[in-house]
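Shared between the two complexes below is chain A, which pairs with chain B and chain C, respectively.
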Partner chain A sequence: MKFTLSLSFVAIGMFSSGSASAKDHAVSQKGKAFAVEEITVAAGDAVTFKNDDETSHNVFSSTEGAKFNLGIQKPGLESSQKFATAGTFEVRCAIHPKMKLKVVVK
Partner chain B sequence: MRGFISAVAIAGMLVVQPAIAAGKGETWPIAVRLSTKGNDIAFDQAAIQVPFGQKVQMKFINQADKGSEILHNVAILKPGSLDAFVKELQANGYDIAKMRTHKSVLAMTKALEPGSEETLEFSPAEPGFYPYICLMAGHADMLGMKGILNVKK
Partner chain C sequence: MKPLGRRTPTILNLAWGELMFWDGRADSLEAQALGPVESTGEMNLPLDQMLGKLEAMPSYRPLFDKAYPGEGISKATISKSIATFERTVVSGDAPFDRWVRGDEKAVSANAKRGFMLFNEKALCSKCHSGWRFTDDSFHDIGVAGDDIGRGKIMPDIAVLQYAFKTPTLRDVDRRAPYMHDGSEKTLGEVVDFYDRGGKQRRPAVSEHVKPLQLTSEEKADLVAFLKTLTSQDKPVVVPVLPR
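The block that comes next holds the complex of A and B.
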């Protein structure tokens, strides 16, 4: 019983410390471009994509290990995406082909 | 009268009937219309059926609003080539120019501005299921902008 409880506390402690250290990185979209060309984050961090433009965007990544699609994002809205695994991922906009962002997850 | 073509839409699939009364020695092309679904990143037809043995004339229209800036194109691929083609498309950074001469491409439009259109003409070499997809970044692989041209014997 004691052994089981100890393990549970360890597990909760690990989970808590992981959540507390995860950061959220903001990336603005304005002028049909991401505010930065590249961003480096830690595994488990999230990136919040904010549409500061006057047109809609659709942020996605088709890179293995971080495939996601945030859908149509109207001006003023923001959406967050967690990057769980290490690697380099290309993020793009499905509406504006020139919009590219490299996300390096360490 | 050189001939006529009729098209019937059944549950999202466009079925194009064989041409009738083509002139002597003539092959009357089958006319097919494909467009985008307004500002959605999607085709208006998930499947199109045409008879084997005739040239296909496909008019593709980008019906997105002019202010939307959403580019689209369509590529007709050879049967069974979709997955490998999409992987290469991704590996090439969705570069349409690079994919134009790909061995799996039967026909392909340029990237079309909203409100514009282009007509393709091609002759399927054999009956089968020919995938059609939009090559713009993410449209086919992430947003499902693809369909099937069923060339039926």
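The block that comes next holds the complex of A and C.
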């Protein structure tokens, strides 16, 4: 349990973006999994998906209101996605369908 | 009957699977179950006719009532019945499993070397990982042809063009021919295919599919390992169906 908690602490960072209030939340991808199963952000915040894995990923969402496709992401790269409207969105990896992340935007 | 464009995928261990069919167009076994029934190239049976046939067999009704009280015979309960059966199709104990548990004599020295190659030089475990030897991922592995696979389902995602689901390798020695189109006839041909880095280079071809420079001994070791994934299962007892 201690390992899981410390890993999550490292994997989910938060840092300031250009806006005064909007924030950028970091979610790592490692071991063909997102570091967390669910993340809650505020409308207008962004989530940065970093590929800390040994294989490429392709983060996307088909949920109405937040459809996006970050494209192929090789190991070591990161891409950011802004979530503008409130709702619950399912984010997945197109290559690895077991990789699922629920993004709750409030 | 005209042969289908794709080989029939195995249902082995799909209780743990994610997205069904070679192109992942069904998101559950229930969603997949009735597709082949009504497909014109397969059973070609309209689902309403299927319902009529089952309802005309009196002994089916009490079985459905017992399994799904109050739901009756419907497309939904038929789908659930088939999916529930499919989840019972699970691979058994294989020589590889006995070796993992500590029986050094369960597999040959060739197979042990093959397992090391599988995980390292040959890059197989990049996708064929876990106890089922698949991570359920989708890749273009460079099979020649114009079937774009999952690309037809998700046309906006470049990496999914010509991509197909990574199949389990459990009992793989029993399932020739191989690849989604059956284009490789033996496990040896499959290893040769990957050693060449596939047969067709396209932008979407997986980063893990590239020339491997395997020796003939290494190829034989890989095949020896793959054959250790075959379990000795009890024969399936064919049920007596209601009439």
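In this section, the second predicted complex is superposed on the first by the 88 of 106 C-alpha atoms of A that agree within 3 Å, B and C clash if a C-alpha of one lies under 4 Å from a C-alpha of the other, contacts with A are read in each partner's own complex, and residues count from 1 in each chain.
Just so we're on the same page, a residue touches a chain if its C-beta (ideal position, glycine included) is under 8 Å from a C-beta of that chain, and two chains touch if they have at least 3 such contacts.
Note that the coordinates shown come from a computational prediction; the quantities given were computed from them, not determined experimentally.
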Clash or fit, chain B versus chain C on superposed chain A: clash
Chain B versus chain C as contact partner of A:R92, first or second or both or neither: first
First, second, both or neither for A:N69, with chain B first and chain C second: both
Partner chain in contact with A:F60 - chain B first, chain C second, else both or neither: both
Clash with chain C, by chain B stretch, listed 7-15, 61-69 or 79-87: 61-69
Common ground on chain A, meaning residues reached by chain C in one complex and by chain B in the other: 32, 55-56, 58, 60, 69, 94-97
Touching residues on chain B, where the partner in the complex is chain A: 41, 68-71, 90, 93-94, 136-139, 141-143
Touch list for chain A against partner chain C, complex: 32, 54-56, 58, 60, 69, 71-72, 74, 94-98
Chain C residues within the chain A interface of the complex: 18-19, 24, 126, 129, 135-139, 154, 156-160, 163, 207-208
Interfacial residue positions of chain A with respect to chain B in the complex: 32, 55-56, 58, 60, 62, 67, 69, 90, 92-97
